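Chains: A, B, C, D, E, F, G and H, in written order; residue numbering restarts at 1 for each.
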Amino acid sequence: MLRKDLSSLVEYISHSSLDIRRRERTGIIEAVYSEFKEAPVLLDIARALLRRKAPLFFTRVNPAKAEFLLNHLKGLLYVPEAQILYKPLRKRKKTGFVSVVSAGTSDRLYLEEACVTLDFLGNNFAKICDVGVAGVHRILPYIRILRKSRSVIVIAGMEGALPSLIGGIVNVPVIAVPSPVGYGISAGGFAALLGMLSSCSPNVCVVNIGNSFGAACVASLINHKRGG
Amino acid sequence: MLRKDLSSLVEYISHSSLDIRRRERTGIIEAVYSEFKEAPVLLDIARALLRRKAPLFFTRVNPAKAEFLLNHLKGLLYVPEAQILYKPLRKRKKTGFVSVVSAGTSDRLYLEEACVTLDFLGNNFAKICDVGVAGVHRILPYIRILRKSRSVIVIAGMEGALPSLIGGIVNVPVIAVPSPVGYGISAGGFAALLGMLSSCSPNVCVVNIGNSFGAACVASLINHKRGG
Amino acid sequence: MLRKDLSSLVEYISHSSLDIRRRERTGIIEAVYSEFKEAPVLLDIARALLRRKAPLFFTRVNPAKAEFLLNHLKGLLYVPEAQILYKPLRKRKKTGFVSVVSAGTSDRLYLEEACVTLDFLGNNFAKICDVGVAGVHRILPYIRILRKSRSVIVIAGMEGALPSLIGGIVNVPVIAVPSPVGYGISAGGFAALLGMLSSCSPNVCVVNIGNSFGAACVASLINHKRGG
Amino acid sequence: MLRKDLSSLVEYISHSSLDIRRRERTGIIEAVYSEFKEAPVLLDIARALLRRKAPLFFTRVNPAKAEFLLNHLKGLLYVPEAQILYKPLRKRKKTGFVSVVSAGTSDRLYLEEACVTLDFLGNNFAKICDVGVAGVHRILPYIRILRKSRSVIVIAGMEGALPSLIGGIVNVPVIAVPSPVGYGISAGGFAALLGMLSSCSPNVCVVNIGNSFGAACVASLINHKRGG
Amino acid sequence: MLRKDLSSLVEYISHSSLDIRRRERTGIIEAVYSEFKEAPVLLDIARALLRRKAPLFFTRVNPAKAEFLLNHLKGLLYVPEAQILYKPLRKRKKTGFVSVVSAGTSDRLYLEEACVTLDFLGNNFAKICDVGVAGVHRILPYIRILRKSRSVIVIAGMEGALPSLIGGIVNVPVIAVPSPVGYGISAGGFAALLGMLSSCSPNVCVVNIGNSFGAACVASLINHKRGG
Amino acid sequence: MLRKDLSSLVEYISHSSLDIRRRERTGIIEAVYSEFKEAPVLLDIARALLRRKAPLFFTRVNPAKAEFLLNHLKGLLYVPEAQILYKPLRKRKKTGFVSVVSAGTSDRLYLEEACVTLDFLGNNFAKICDVGVAGVHRILPYIRILRKSRSVIVIAGMEGALPSLIGGIVNVPVIAVPSPVGYGISAGGFAALLGMLSSCSPNVCVVNIGNSFGAACVASLINHKRGG
Amino acid sequence: MLRKDLSSLVEYISHSSLDIRRRERTGIIEAVYSEFKEAPVLLDIARALLRRKAPLFFTRVNPAKAEFLLNHLKGLLYVPEAQILYKPLRKRKKTGFVSVVSAGTSDRLYLEEACVTLDFLGNNFAKICDVGVAGVHRILPYIRILRKSRSVIVIAGMEGALPSLIGGIVNVPVIAVPSPVGYGISAGGFAALLGMLSSCSPNVCVVNIGNSFGAACVASLINHKRGG
Amino acid sequence: MLRKDLSSLVEYISHSSLDIRRRERTGIIEAVYSEFKEAPVLLDIARALLRRKAPLFFTRVNPAKAEFLLNHLKGLLYVPEAQILYKPLRKRKKTGFVSVVSAGTSDRLYLEEACVTLDFLGNNFAKICDVGVAGVHRILPYIRILRKSRSVIVIAGMEGALPSLIGGIVNVPVIAVPSPVGYGISAGGFAALLGMLSSCSPNVCVVNIGNSFGAACVASLINHKRGG
């Protein structure tokens, strides 16, 4: 197959090969992880996406890069708490319902990233923050909400114990996101990751440290039922 | 609350506190991981479960322990390829459809564990084996099946690359199971686990090394839709 | 100082220097960790201790070594569930009260090691087993007992989340013992250790994986109040 | 239970769920670990705590955040050596006696954090600094003080050997705090943590690297005797 | 042998012993890895090499060091995308053909380093970027080019799965370069390295994380056939 | 594409999908890594390969499995020093020349595995054993042979330093194989792997610990020149 | 140089290249680490060494291999506690004086290996066992001996703290040997190794886990003064 | 013993307990590792040492701290290449002879630290730089010097292979210093440390990464013969 034959699927620019139709194929748009890309490179990518009328959703955009891009392009929106820059989609009906839970106040960035992604992908959600296991009664008022969810995203750093606990009280998948919040042996989220992977609750699955975007994608795919 | 008040939920025996009603609460029966429990302990647990007419599903039962239990109890079934011993449930309608894919022949135990669990929990499934990335064309005849699935469980050892690849061609959640198959730096499944957690495909979530039981539980919960 | 001058404190035999008076100095007898010592070496040590009328308390004694020692010496007691061999002390009044909690049935050896040690060191205790976080309601009937304890020893493998949870509901020190119970990424107890060290509950302190003996010593020292 | 029902226990603000009554339940106030929280977030939390007349004790507050908070709030005290910001409590009688020992001059932050916390929680203490094992005679003048303590907190980086040594000469619990002081293989305190967990002295228990706050909490709970 | 006797092979300056004739011996010039050397040290080395008319090829030269060197020396060229500073060689015929493939846009520095090195060492090459496994069809238009290569260099971060896939479709050596591009568990390129070393494709060999220079050297030696 | 369409390329049996034509596609036969496969499974695979007249080459076959297979099948050859079982090919002309070097006597299995593989794949080779860096003069008589090689495979355990040294004296690629020979910190070959990946000699590339088969494949592909 | 030219230095046999004159060159005989070599291979090596009248010193020889070798060869001596098999040298004057200290009874194998090696290499030594830091007074009677030593070898597992302590009281080099004695986080000797490398006592240097042979070689070279 | 009784040995100041007579006891002055100490703390320590006429030798002093100290105190000397600040001793006769060898130009700081320390402690030494294994002939002119040394200090980053090589050609102790010079898997010096600990040359002992000060202390103690 020649490059030309793929031109409806891929936009080849000097440094990138953009997967324009990923949403049709996998149900999820091609998001651009921006941490390791310089602002001009991001601008090239953004322009190519806009030219192709493809969805634009950039994660981990720090304020300086966001400002640069907003200065050069129109119609984009930046959510600093979530470090996400995107082009809003036309209104459409939301589907399903997801609870997004964080164990501590320090997990905020990861909580917001999950929520903005869920919203962009067309899902209803509830945000529940700072209800970690050291004061477990704080989660009590939310149990009814948790039980109404189609899946639950749980974000936690330190020992990462909250997904196990919630896994034991809901009858839907729990998608655990280790957050890189911790110090000493817990620095970087590795202890939380290990704890979540080791969970005794069999309804817990796990994504990479800080990968709230991925967790929201999995939750959205569960909501937007496909296949048998 | 006193022990008595919980007696409809928990069966307290000398060395165990059996969570009799876990299925009602979490949608998943309490399976017993048998690797670290001696045969007489397993027998005690089995008798208590049978007495309470609770589901009985033991994983990682080696042949010696299985023989011991089969000699003492009636009506149980042992699947040696999956190392699972269980009491069959009455026939009921299966729901949903899951593809279970393994990268290599050596992943067999983990493939079978997932399939037996899916069956026990009331799901339809297809088994696809030995289609790893070093000869990627082997998966071609199965693509239609993959695309009809409600979710895909992918089991792989060594570099664990297959979930990323499959994640790029299906529009449903991919539940990745690292298998402890490998040598040198890949021994024990740690390299596969890292590869899966690092996946660029955002629809991939991961469970512990060898935790096919957990993967099947998550897939089953996706099939048996609950919540909003 | 010459060897002679120390002879009331130390018993020097060919391969060992026995700290005969450790109990007077540190409040804890010198226990002998037997895993890496061959049976004849253990016998030499046992004879020297008996000759000096020092306390005899051997941990991690497997059944074969125990049989060898029981065949050569009189008046010793072996507890196989705890892998402890000891010479019973004269009856004395017990002090304080400790709860010893295990997360799973597989933690049994470590649960029993803690209990036998507490008993030998003169403490009252309660044994609570198999109440891990995946079915957290199982601990409810024991909350009154936990709250009456002078400290709580919590033993858990896998994700090691139970100490955090208990730490949030009691107002005494929680001594966490990671157990080497787990598979995949949790094998050997390392994930549990990390989780416990990372606990958000500030009343949790931790000992080495499987070191129930140490946990019982700390609990006993808390019970037998000394110092200011 | 509804959110309203918990309002005497928890203060829910936009990004946090404050555990107002933690001291009544666990004997320890809810301290706020400030490293990952931005100054405005800390200000919100501080105002909510003051509004509820709950104790205010913030750890790991760097000078810039401290200045911001002191500019906006009255009646707070900042101890820069300990990086702690708190609202002083009314005078009350101190209980018990704890020795706080550091192995090196570089451990100062962790030494001071332990001391300020002990003071806030109502304990008497002695501060002993720079007496590591490379010049062990430096500890000799303090042995009487150590022996009068109800427990000993020992802070060390590098090889973390001091708790083992002190554990061999006192008959009370030793709470070991690895400090992130070291270079090369000792960087970050991991070597010290391993050494302390591996201690041959059975009266040693350990907390996370740099968690002097936790060590002081455990020591305080030992002093303020509760339970059986 | 005395220093003098080696003077045709080695240039000894105050802080360095320059291997002037390495190209004759090993087929590869002595490149200078500049990351840990200060600008004045690099200047000394550059002057010594120019004096001896030896090849000059500095890698990992950041812009500030490059500017310093370009200000002091004539006839050098700096390629900022590749962080390489070198003295161009006289035109000579290129040999062989290598494909250089990157999995993502963020791998750019490593892609360019490989290409500049291949060019300097006298090789033809093709550059193929951003064709990672999450959208595997993007590589289709390049398959003919890959199959015409004498070897393929594949650069990837995150899960590092691309070399396995390409290894399964070409019949030449694949030289895999893990790139330090990733976050969470993938940070620093360790997960990619493990994945590549664990590859099921037996034609894959691996170099250090980020060592595109080494990969290009191996590819060049394959092109410039020597030996039996 | 349907399964039928692939039937000339893949042989699907119950537990495996055999890549019959891998040699045509990648230049290397599909070898079967036998360590994790039970003897009956290996027999099924062997029979399917023989039926399809595909090459048969099984690595890591222990003596018991070899005996089982030799009892059931004709025309196979077993080399116990290399743990390889294969069906000899018809005589054909050998190509190229490879030196295979081991650092110590204990690396024998890995040395023989490389040599048998090279022979099967149609390459000339020389075997040089036990010439590690602690007695570097032992390699002197072989330098002429090394310099005549098209590539050099170097196998080493412990510190893995030999590839760096040989890399500095030859002008062809060095393919380094860490061997799992070592004790203490060197156990399992991890230290050797790190040393080889860290090599200062830029002509060194590395394969997984113990992967002599892969190293021989890369060397063979270099010998059997293909592409541009 | 040809193989023949080296024949006075090296004995080339089928699987080994014996460094016959290593003692002349490095002051230390070529010892044979026997763990990974099978008995017939060891026998070949032994015969070649005896034929060349080179010293014979085999370490880590288990009883079965020792019996095999003793059955085939005359004039050898086996020390089971040290797992060393050697051919005794003619009596010669011993030089220097070394203290060999172990922290625990379980370190016996490593203690004996050091002592037999020191003896074979012509050194006086004292053996001091079981004087670890948990009961530090046990070392008091030996301080005069320690201070008369030309160097001190200290063997310890668990936290490995003894070398730091001894390093602070002697004015000669301390050669620390981590022993693979420990459980949980200390298993395999890694924690002891880290502790010793992190020592605050600047006269401590370290060898591999269990490498008592190496420690004895360094001590012997210090005793047998050479160079400037 | 009271504090007063130790006053001739220890200088207790507010944050430090200075081991004034360490040189008399251990042969080495108490050096102050300055990296984690703030400038005013270093000034307090310096003043106390000068008051007691004790030796003053500060390592890892960055230029800013050095300037601060030189501004407040007289008679000190700062060597920026070695990051050492010290008070020169009166001239005295040097003893012994040590070769200090570095593998690369980037190891300069560690080379200079060793040399300044050796000089301060009264030793003769030779400095040999940039002679790593990738161009091993560069060491040839220095072999006579190496053979005249009483011990050899070898500093290397990356794969850390140089000590093994030098260990094979000298008959004195080799003290290996891993340097934190490397990238990718070699970053921080861990690969070099592992390589050195794994050395096949039995005369190699190792210190912490970057601990040239410790290596120089051990070499000096070997030179200044004490004990038996």
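Just so it is clear, a residue touches a chain if its C-beta (ideal position, glycine included) is under 8 Å from a C-beta of that chain, and two chains touch if they have at least 3 such contacts.
Computed from a predicted structure; not experimentally measured.
**Student:** Since subunit D and subunit G are copies that touch, just let me know if over half of their interface numbering is common to both, same, or not, different.
**Tutor:** same
**Student:** Starting from the mean Cα coordinates of subunit A and subunit E, work out the distance between those two points in Å.
**Tutor:** About 35 Å, centre to centre.
**Student:** Please work out the Cα centroid separation of subunit B and subunit G, and write it as a whole number of Å.
**Tutor:** Chain centroid spacing, subunit B to subunit G, equals 50 Å.
**Student:** Give, as an integer number of Å, the spacing between the C-alpha centres of subunit H and subunit G.
**Tutor:** Each chain reduced to its C-alpha mean, subunit G and subunit H end up 26 Å apart.
**Student:** Any chance you could list the residues of subunit C touching two or more other chains?
**Tutor:** 134-135, 167-169, 184-186, 190, 193, 197-199, 201, 208, 211
**Student:** Every pair of chains that touch: which are they?
**Tutor:** After working through each pair, the chains in contact turn out to be A-B, A-C, A-D, A-E, B-C, B-E, B-F, C-D, C-G, D-G, D-H, E-F, E-H, F-G, F-H, G-H.
**Student:** Show which residues of subunit E lie in contact with subunit A when the two form their complex.
**Tutor:** So the residues of subunit E in touch with subunit A come to 105-106, 108, 129-131, 134-135, 137-138, 140-141, 143, 181, 183-187.
**Student:** Using the touch definition from the top, list the residues of subunit H that touch subunit D in their complex.
**Tutor:** Its residues touching subunit D are 1-6, 9-10, 15-19, 22, 30, 33, 35-37, 41, 45, 60, 178, 180, 188-190, 193, 208-211.
**Student:** Across the complex, what residues on subunit C touch subunit A?
**Tutor:** Spelled out, the residues of subunit C in touch with subunit A are 103-104, 132-136, 158-161, 164-165, 167-169, 182, 184-186, 190-192, 194-201.
**Student:** Spell out the part of subunit F that touches subunit E in their complex, as residue ranges.
**Tutor:** Residues 25-28, 31, 96-97, 124, 147-151, 167-173, 175, 193, 197-199, 201-208, 211, 213-215, 217-218, 221-222, 225-228 of subunit F touch subunit E in their complex.
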